[in-house]
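Attaching a single structure in structure tokens format; questions to follow.
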Amino acid sequence: MKKLAAVMVMITGLCLIAGVGDFPNWGDPNSPANSYLSTYYLTNAISDTAVPNIVTAILADYRGYDTMFETVVVFVAGLGILFLLRGTKKKLGDHPTAFPSSSIVRTACRIMIPMMQLFALYVVAHGHHSPGGGFQGGVILGASVILLAISEGLSDGLKRITLKNTIKWSAIGVLIYSGIGTFSMLLGGNFLDYSAWAPILPATDAVMARSHGMLGVEIGVALTVMTVMFSIYADLASHGQMDEGL
Amino acid sequence: MVIQSFTPLFAMLSSLVAVFPITLLKQSENRREMWTFIAAIIKFALVISMVPIILGGQTIELTLVSLIPNVPLKLRVDGFGMVFALVASSLWIVTSIYSIGYMRKSKEHAQSRFFACFALALFATLGVAFSANLLTMYIFYEILSLSTYPLVAHHQDKEAKIGGRKYLTYLLGTSIGLALPAMLIIYNITGTLDFGPNGIMAGHELGKLLPVLVLMFMYGFGKAGLMPLHAWLPGAMVAPTPVSSLLHAVAVVKVGVFCVIRVITGIFGANYLTLHGMVPLICYVAGFTVITASLMALYQDNLKRRLAFSTIGQLAYIIMGVGLCSYLGIVGGVAHIAMHAFGKITLFFCAGAIYVATGKKYISQMVGIGKRMPITMAAFFIGSLSVIGFPPTGGLVSKLYMLRGALQADMIPIVVIYLVSSFLNACYFLPIVYKAFFCTDSESQYEDKINEAPLACIIPPVITACVTIALFIYPNLVINLVESAMGVL
Amino acid sequence: MNLIIAKFNYVLYIVLMMMGLWAMIAKSNLIKKVVGLGIFQTAIILFYISISVKKGANIPIIHHHVDPNHAADAAHMVIDAAKYANPLPHVLMLTAIVVGVATLGLALTIIQHIYQEHHTIEEDEILEQLNQ
Amino acid sequence: MNIAAQLPVIVLVLPLLSAFAVTLVSLFNKKLAWPLTVLTMTATFLATTGTLCSVIHNGAIRYRVANWAPPFGIELVIDHLSALVAVVISIVALLVAIFAKETIQKDIPNRVGQFYTLFILCTVGLLGETLTGDAFNLYVLIEITSLTSYALLAFGGSRAYFSTFNYLILGTIGACLYLLGVGYLYIKTGSLNMIDIATLIPALSGSSAIFTAFILILVGLWIKMAFFPFHGWLPNAYTHATSTVSAFAAPLMTKVTVYMSIRLMYFVFGPDYAFSQFTGPVNIVWLAVIAILVGSYYALVQTDIKRMLTYIIIAEVGYMVGGMWLGNAIGLTGTIYHIAADAIMTACLFLALGSIAYKLGSTKISDMAGIFKKMPVTFCAFLVGAAGMIGIPPTAGFFSKWFLISGGIQAGQWAFVVALLVSSLVNAILFFRIIEVGFFGADDEDEHDAVVVQRNEAPLSMLLPTVTAAALVILLGLSTSKVTSLLIENIVGSLF
């Protein structure tokens, strides 16, 4: 069995490498991948969307449809894990129910958590101009909550964000994203066409409306990612029991 | 002349619709059987109403839905189909009377299922008779196979289940494994499946594929019971006698033969087959079955099994007659569907009546039975005369046609086969009758007292026996219909 | 030769991928399989990201000194695409990362359940139990 | 808002939004989850039907999401093929949604909302896969369907976990290979839009990278559709899942993946490219033949109906892959028609079996004794589905076989023709084994000694979708000509 697997892996690898010979050289600025679509994005994104971070512009606008489903993937992961783990009565094994944590850890975390959250908000909000965005910010936010659960114990963490709330806010996060898209439809544009928002936003032309729309969806993304990250942690750490874990 | 009319559809649907009241009225036997009757009579009346049109040289057509490019679900009534439909629908009425008597007397279970499936089978039979193309015919052929399966396995004991399994294995196996690919090959070559007056193959040279296709069709419609794919028919005799009589003497087996006839006349075309030298192939394959089945019938002690082998032989007769591809052969073959049907159903009715009255199944137990059941055995005698082809019965007429057809086609060996098998027929039927009536008192297993089966089991064989004689006197009833179709061809 | 010198990155990632694939197929420990899955996905992410590399290019954030509130000015800006790396693969891989996280989470959940049922995470032992 | 113009995206957005609505609503009132799901699925069904009508009348639709011109933005492409598949998905999803009520209420009363959310999102994923015109977007949607189906399939009891884990590993390998294939394509073409790539490929036809991409994408999808020799995960995963989930996954997952492979093979690489790469000894049709025979063989040795059906699915995948590799119009017609026919037939069988399992608690053949008397309507529906699988006219299964065999004859692939016929016959044996037991009781007991069984039909919410599916099997069969002339000919005609 192992030999067969080895042969299969070798064959797959050789096939893949055989295809590589035909690639353009690494870093070739004139390769099709680096010149065709990417040139359009690099040269037009600012005038199209007024967002200098091209990655954000593509992520939330040109390929916003992808990103919406990406957020759905996050949501599905959170919900799916919850669905599978909640309601199981059995214990996974012995893990300490009372959580020993030293005051050094707790104090350090107390200082770190607000800093992290502040930074996370910056990452979300400044995604247009610097590396960052909803996913990145959401993950940092989620990490801060997980840190809380680690330092104070899971049940303490769950007091801040209850399980019901994680489900609720993760759904609301995706709903914000898809809702913004749907609302563009109601305003007469295509789905996710934020420029349709221009007439109802104050002092905004179609290009800026795209920029604002992106901020909206990034916030939705951040909400979902944060709550799902915490929910996954809480589920896995306690095997769905939501008691003291880890 | 082609007439558009819904009559053939209504004729088919009359029995399909009856399935619902029959299944729903489980509690009340009388009302349930009344529905069977009403459906049977309506069906017969609708079929009869079309006879004058067909005799007038016209055909009736009706396109229902389009299924595949160039192949719609389409009905077409011509002389051939008419003969078959007339036989099936008239005999359904008679069989209904008979089965009510039989089923009640022998206190069968699941009678609702029985009558419902029966009605469904008749729907499919008429569907085959009225099909305008091969696909429509195939559809109804398969529906018939499935709807008769519960009838075959009706007794639900081990024997019945094995019989049912055999039944389905042979019929589905041949139709899916042989007929379907053959049909597809034809469709791919010609782009159509409509039965044409002279076939649809004209202009297409098949070479070595042709004999293969012919054989695929002949064996693919396994209901025709050509040897060596005949074993399902004796196996299916485990079914209650009304089933054996209507379905395995008339509807199901004749559907198989009818399909082969349609393929020979409507798909390949008689001229095409003659031209390509396929006649001997068809005739010898069928001829082999005729002789072998007759010989095997001689050795059967179970009366229904003997009848079954006789049926196999007679079916091959018909295929042989049509396979001659001569005018008279085809007329004789199609007419034989009707002639044989009435004769053979009489025999089955009698076998069932004997079983109901005495519980006896084996021929060796029937010595002297004529004294106890004279009417039944008299009908049996007339029925066997018709199957043998002896005057004054309809069987003679069609056999003569087929014999002349063989001469017309210059197939002397076929003439010999016909004669030999008639002799064999006589050999396996007449001794039964002889022993039933003319045995010495010491041999007789029955008292002299007349003790017939219930009236409902006696009237049907008498009626059908009378019809076989009537068909001898007025053969034109059938022959004209067939010839009207030949005129179209 | 060109294959190794000019495209060594791709070859490297493929080797990495195959290591992951090997772990997924041949390892008996379920956690190791999941680790293999992670390696495989990460290698693909690296593969994509290396597509976006341009010699001498910077990250794809446009240096501009236009007031973003007056986007109309931006339209007149001339941007030299060669100065910035290809942004598209980055976007695509953000998705792939997310998918990787989601798959990993679900896989771990299922492994927890498997452990609960069989008290082991060795595939052969589980199969033995299932075949009994 | 111009509803007609937005219809293609409404098909997706409607269930997507309501999935979250179901989550939120069920946090407060769990009883609302089911009606809301059924309502959503009904609306989705109407939307897909509307899209189909619009495609029939006005031709293919290309919808620009966010109003960016392709290839820069993502576009949805709704042609006759994707509209057809979308309608099939929405029909099956609607039927299963109705069916789910009782079983889910019984199995997981406290997680109803989560179940329906995952269920709707899985449908969204499937619909998205059919409608999208972007190669990378397809990957995201494949993952949405996969992740939701992992979660749904794993929830099915103790044995389900391990089988789902295997599915997860293999499914991820499949999806990753697809992703890698898209990467290879992207390197060579620089584009992700399917139609755009299709215009770039002819110039690159000799490239080994494109060929590798082709193989990667094909193999990736084969793993996901359980095509031989990658079929190992499917039987266990579908057998151990609960009946509702398998009734949803079994008809749709493999079929939509087949659709994707048609889309990529014929509309991205193009038939010319695909067939020029595989000529001579390397012939995919032979693999399909083996798949059909292997599936049929393993189906024969099963004693559990559900497991038997899963092996039939493997054989059916062989039908479809074989049909699309025959390289002629009628074979592809057969494959496309079979996507619809097989989805509905499989749904019919699994729904009927789910109802039986709900009442009986078993899906073993030997436990089916007297089932006809107990659940006549359900069993009749099962019979219709079985007739479809065997290929008895006028059910839809007959016509798909008709086209596929015709295609095989035209292409001269006699092995494929024989394999199809053999599999029909094997199916006949399989189902008549069940039918015999169902009608007449098990072998050893005599009918007259058997206990009198009371009629004990499944609840209406299960009966209704089952009977509808059975009716659809026949209806689709009778409207074959319409489906082919209105939809499939448009697709196939543009390719051959």
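Each chain gets a letter, A, B, C and D, in the order it is written, and its residues are counted from 1.
FYI, a residue touches a chain if its C-beta (ideal position, glycine included) is under 8 Å from a C-beta of that chain, and two chains touch if they have at least 3 such contacts.
All values derive from a computational prediction rather than experimental measurement.
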Chain whose average C-alpha position is farthest from subunit D's own: B
More contacts between chains, A-D or B-D: A-D
Mean-CA-position distance for subunit D and subunit B (Å): 43
Whole-Å separation of chain centres (CA-atom averages), subunit A against subunit D: 30
Inter-centroid spacing, subunit B versus subunit A (mean Cα positions, whole Å): 73
Where subunit D touches two or more other chains at once, by residue number: 136, 140, 143, 147, 150-151, 154, 180, 186-187, 192
Multi-chain contact residues (two or more partners), subunit A: 16, 20-21, 23, 31, 33-35, 37-38, 41, 63, 66, 70, 73, 76-77, 80-81, 84
Contacts with two or more other chains, residues of subunit C listed in rising order: 17, 21, 51, 88-89, 92, 95, 99, 102-103, 106, 109-110, 113
All pairs of touching chains, each written as two labels joined by a dash: A-C, A-D, B-D, C-D
For the subunit B and subunit D complex, residues of the former touching the latter: 65-69, 72-73, 109, 135, 138-139, 142-143, 146, 150, 153, 155-158, 160-161, 164-165, 168-169, 172-173, 176-177, 180-181, 184-185, 187-188
Sites on subunit C touched by subunit D in the complex: 17, 21, 24, 30, 33, 37, 40-41, 44, 47-48, 51, 88-89, 92, 95-96, 99, 102-103, 106-107, 109-111, 113-114, 117-118, 126, 130
Subunit D residues within the subunit B interface of the complex: 387, 390-394, 398-399, 401-403, 405-406, 409-410, 417, 421, 424-425, 428-429, 432, 436, 439-441, 443, 446-448, 477-482, 484-485
Footprint of subunit A on subunit D - complex, ascending: 1-2, 6, 9, 13, 16-17, 20-21, 23-24, 27, 63-68, 71-74, 108, 110-111, 114-115, 117-118, 121, 124, 128, 134, 136-137, 140-141, 143-144, 147-148, 150-151, 154-155, 180, 184, 186-192, 207-213, 215-216
Touching residues on subunit A, where the partner in the complex is subunit C: 1-2, 5-6, 8-10, 12-13, 16-17, 20-21, 23, 25-29, 31, 33-35, 37-39, 41-43, 45-47, 50, 52-55, 57-59, 63, 66-67, 70, 73-74, 76-78, 80-81, 84-85, 88, 90, 92-93, 128-131, 135, 205, 207-208, 211, 232, 235-236, 239
